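The structures come next, written out as structure tokens.
There are two complexes below, and they share chain A, which is joined by chain B in the first and by chain C in the second.
Presenting the complex of A and B:
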């Protein structure tokens, strides 16, 4: 091989691909996407289009019987649906308000150079591997008002037996399974904060608290935003935990939109109404998804 | 200024104690439900519902584990979950790695739109496509197979994994392939021999994320399989609950058995995971 020295990096104009082989110049890079595209089209895109169609029909079993336009959405978004929508937002917002500061706080602690930090890290992040089903089973047993270890705390009442108590329990368990994700992302972001800047701010007379809010938080702002969006999506779409922990009860106290979508379709076999709930969820996801991508774009431009 | 200066010099020992107190509180919150489950799993059924509550079982027994491991479907469910998880990881990587590499290295018209489209499909809520997918699975007579579950899991993981891996490939300098090509290797050869080994941490993280996802899923596993021989572990656990009533001793033993592989994997790969998740989430 008689080749001259390799050209300096970025010698080519920025638009040109970094010298793909001739002949594959055009289709090679695109071709690498084909399997992924086929798969997501088949499993996500076609089915969601189908779900949108189903939401506009009255259904019997899996067959569409007649076009009803917005009727199914009237059930979902109408006066009877407000309770579920309000509960969904309460559940999502309160979970966020608890999980994000908790995750960030633990990440800050896990970022300190103290002894046994690796052991603490493993233990504190452990709920990340616990499935929603298992979390529901374990917490149901832990919160058991009669035989659980916390029963004296509840004064003999069953927390899962009244609507407020079960919503509180749902949020608690939800936070328990999702804060590790927050901690992992915050921890990774905290490690990118330059120590010199923090120390400089301390020399300039900032208290630790001040330098945290003025230096650290602004630096990891985009991670925090992404985290909030990721958790929002996760919470809105949470079916398994709600279904296995409370089943929406008691007295619809934990009936949220994602569970409605599941129950309407798979327990009441009102496919059309279930699809309408799904489409509303999908619309919510799109809104937060676009916000997510905006944040990603913004952070990579800077 | 002077007040701030004294606050900077707040006793280091007090701060240290505060950090430990916070860490211990976090650790207790994390393991509290797990420990209560572990404790229950070693109790004979007669003492499970005893009050006052005992954290250390008075009479220690392995009966619950014996029942779970030898007289139930749980081992079968575990095996199924291992098979489906591993194949899903392989399929997901096989599909996501080329796309992620292309995304990191090549530019072409419409690339932004293409990536945006793939990423947006991960915004489709699983619950929304369950009914159409169910119908499709029945039509194509793949209902009640591992195949259909693997395809769906892979499709739902591919967008996220492409995102994570793209960040990793971008962090590997392009000169490395250049050097390989100068030495006469093909693009593919350079990728396999030079890039893949360097991307190992990212691929490892992607594999763990996918594995945990499949292992923990309930929605797909409960919708697309009705044959009890094909049940995955999450569904197996839930069936166990409804089948035998709430026998807490056995149920918690079953939970512990299903958690153990995950906990071992987590302890082994925790560092890699943190690195992988952060690369995927912080790079645009």
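Presenting the complex of A and C:
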């Protein structure tokens, strides 16, 4: 008699979770960020594309009249335009060169454990809450050559009545209203620097200055880069302060691209020319942004 | 399973949200119509005057709007106040997106810009009958409100530019009131020198801010006074002429003589008027519409004296520009009849008298004979201004790109007056540039 053993019962494999359908798997995650893409397109991409289109047209009021190709850019990049571009660079670069180190320096001071530190922080960050219009009117009064409280500093001369003095005043006020942003970002970054690392560098023989430049600054480098990008965009696009403080004068000494874009678009209603100025500004912003990121990547690699 | 439920939930929520947004939008659109459920047309008026502010003109506006709203049941006007430097841009932008006000206040030099921007509509159809009856009562030709021969607005305010001087400052520096512009410049120079440059003797604002308006308000009538014009009948710039050069030379003379220094490069009309109020400007040429406000400043009062602007010859006046505020009909209004009814009410003798009491120079001759004017504290002065306007008023042409022209001209003026640029060449350059762009 032969007994045939029944084949061993194999345990049924656990039920696999239902596989999402192919289309759902592929498009599901995409669907989640579509709303964000649509939003970005609505508030950024479409207006930029529209501005580029406008910049190629002659306009009447706010309506396009005739395709003129690059004619509007001939105004922006013409002899007067290059002067405006040069002034824009001077305004942005000098403001950055002053505001970033000033913000960093103040952040280092505010990071020290001293008495009344909160009061110091409030006072130093105060200009941040002042609007550009108020700041411009305040400084216009301070610098007035006839009755301004600071007029004696300039020997009775009025800085705002001179093209160089006017640009210097514009940069001063610009730095005054924007250094608190630099200070806050730097302060936040400084508080993330490990104290042990700094102390270790001191034990290894670094001076405080060496510790700062070799340990602290590299640690907060990415914050500094973001700060520089933010301030660059802010300065390139600033209209209210320039318009209220100097109006671009005197002798066109503070005529910058952002003011040109505003005046052409909303004072002279040449929206095509205004759009051309905006496109050039946009391109400059992109170029500067990419350049900063490359600098950061380069130093990270090294 | 849970995932599917959530997804379904999400989809359901999304559908509800979409329906909600659509329905809400539709409901909002219903409510956005400017006819109330009771058949009253809701009219929006955009103006630089603030009915809730301290400016007497704003208070007069409030009385007039309240009076109109109470006078009939077909329409109700609501006022939106805006900064005068922003209102034109806001109106043009709003009109180009299908919105904008039913009624808009526009300053004469900006009318052509609004026409080009498509923010207002012509009112000949409504105004012709009224003008045939009441048009002769206008103090000056209504041409200033016409663009390409079409009436685009109704002037409701007129103004003259006057020689202002602070009597107390002139007395302090023992300078007598000028009777010619040359005397004004000499007196201004003496005051500035004696004050150690603390007081600008004779100020003409040369800042690019406010589109160089303060400069243009002098350059235009001065050019006319010497027999020229800024824009010719053919629509082309014509200021690079002997008259334009004389006008510019006269302004330059004020700087060369020391009546004004580089401080005027930072001044527009507001800064000049504030300087007069503060006592840092002794003399200026400013508008009649600012007199009441300037006199209300502490220590000013009757110390501020006004005269028709004298010419360079004794006993003769410089022309004064015919310009002022107007009311126009919004391009997208659904209630033109009611808007016109309001415009007529705004131009009634009663409304004009209310504005006159607020220091505004009325546009209708008959109003000057009314009791309201006779009882006004500054009745003599108002009549003097009226006579100046009637005798020496000059209608200028303001093309659509006037703002750009005035900005370019004031920049050129800065160079001519303070940087030694040759007057004829600099004027010709701006003129050529303008005329070439207009081709």
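We take it that the second predicted complex is superposed on the first by the 241 of 302 C-alpha atoms of A that agree within 3 Å, B and C clash if a C-alpha of one lies under 4 Å from a C-alpha of the other, contacts with A are read in each partner's own complex, and residues count from 1 in each chain.
Basically, a residue touches a chain if its C-beta (ideal position, glycine included) is under 8 Å from a C-beta of that chain, and two chains touch if they have at least 3 such contacts.
Everything quoted here is computed from the prediction, not taken from an experiment.
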With both complexes overlaid on chain A, does A:147 touch chain B (first), chain C (second), both or neither? both
Is A:161 touching the first partner chain B, the second partner chain C, both, or neither of them? second
Contacts for A:250 in the overlay, against chain B (first) and chain C (second): which applies, first, second, both or neither? second
Looking at the overlay, does A:62 come into contact with chain B only (first), chain C only (second), both, or neither? both
With both complexes superposed on chain A, which partner does A:266 reach: first (chain B), second (chain C), both or neither? both
With both structures superposed, pick whichever of chain B and chain C touches the larger number of chain A residues. B
Could you say whether A:138 touches chain B, chain C, both of them, or neither, answering first, second, both or neither? first
Do any residues of chain A touch both chain B and chain C, and if so, which are they? 62, 146-147, 266
Considering only the defined contacts, which chain A positions touch chain B in the complex? 1, 3, 6, 9, 15-21, 26, 28-30, 32-33, 35-37, 39-40, 42-48, 50-51, 54, 62, 105-106, 109-110, 112, 114, 120-135, 137-139, 141-142, 146-149, 151, 176, 180-181, 184-185, 187-189, 191-192, 202, 205-208, 222-223, 226-227, 230, 233, 236-237, 239-240, 244, 258, 261-262, 265-266, 271, 274-275, 278-279, 281-282, 285-286, 288-289, 293, 296-301
Listed in rising order, chain C residues that touch chain A in their complex are 89, 92-93, 96, 113, 116-119, 197-200, 206-211, 261-263, 265-266, 275, 278, 280, 400-401, 403-404, 407, 411, 414-415, 419
In the complex, the residues of chain A that touch chain C are 60-63, 140, 144-147, 156-158, 160-162, 243, 246-252, 263, 266-270
Please give the residue numbers of chain B that touch chain A in the complex, ascending. 1, 4-5, 7-8, 10, 16, 19-20, 22-23, 26-27, 29-34, 36-37, 40, 48-51, 53, 55, 94-96, 98-99, 101-102, 105-108, 111, 114, 116-133, 135-136, 151-152, 154-156, 158-159, 162, 173-175, 177-179, 181-184, 186-187, 212, 215-219, 223, 234, 237-238, 241, 248, 251-252, 255, 258-259, 262-263, 265-267, 270, 273-275, 277-278, 281-284
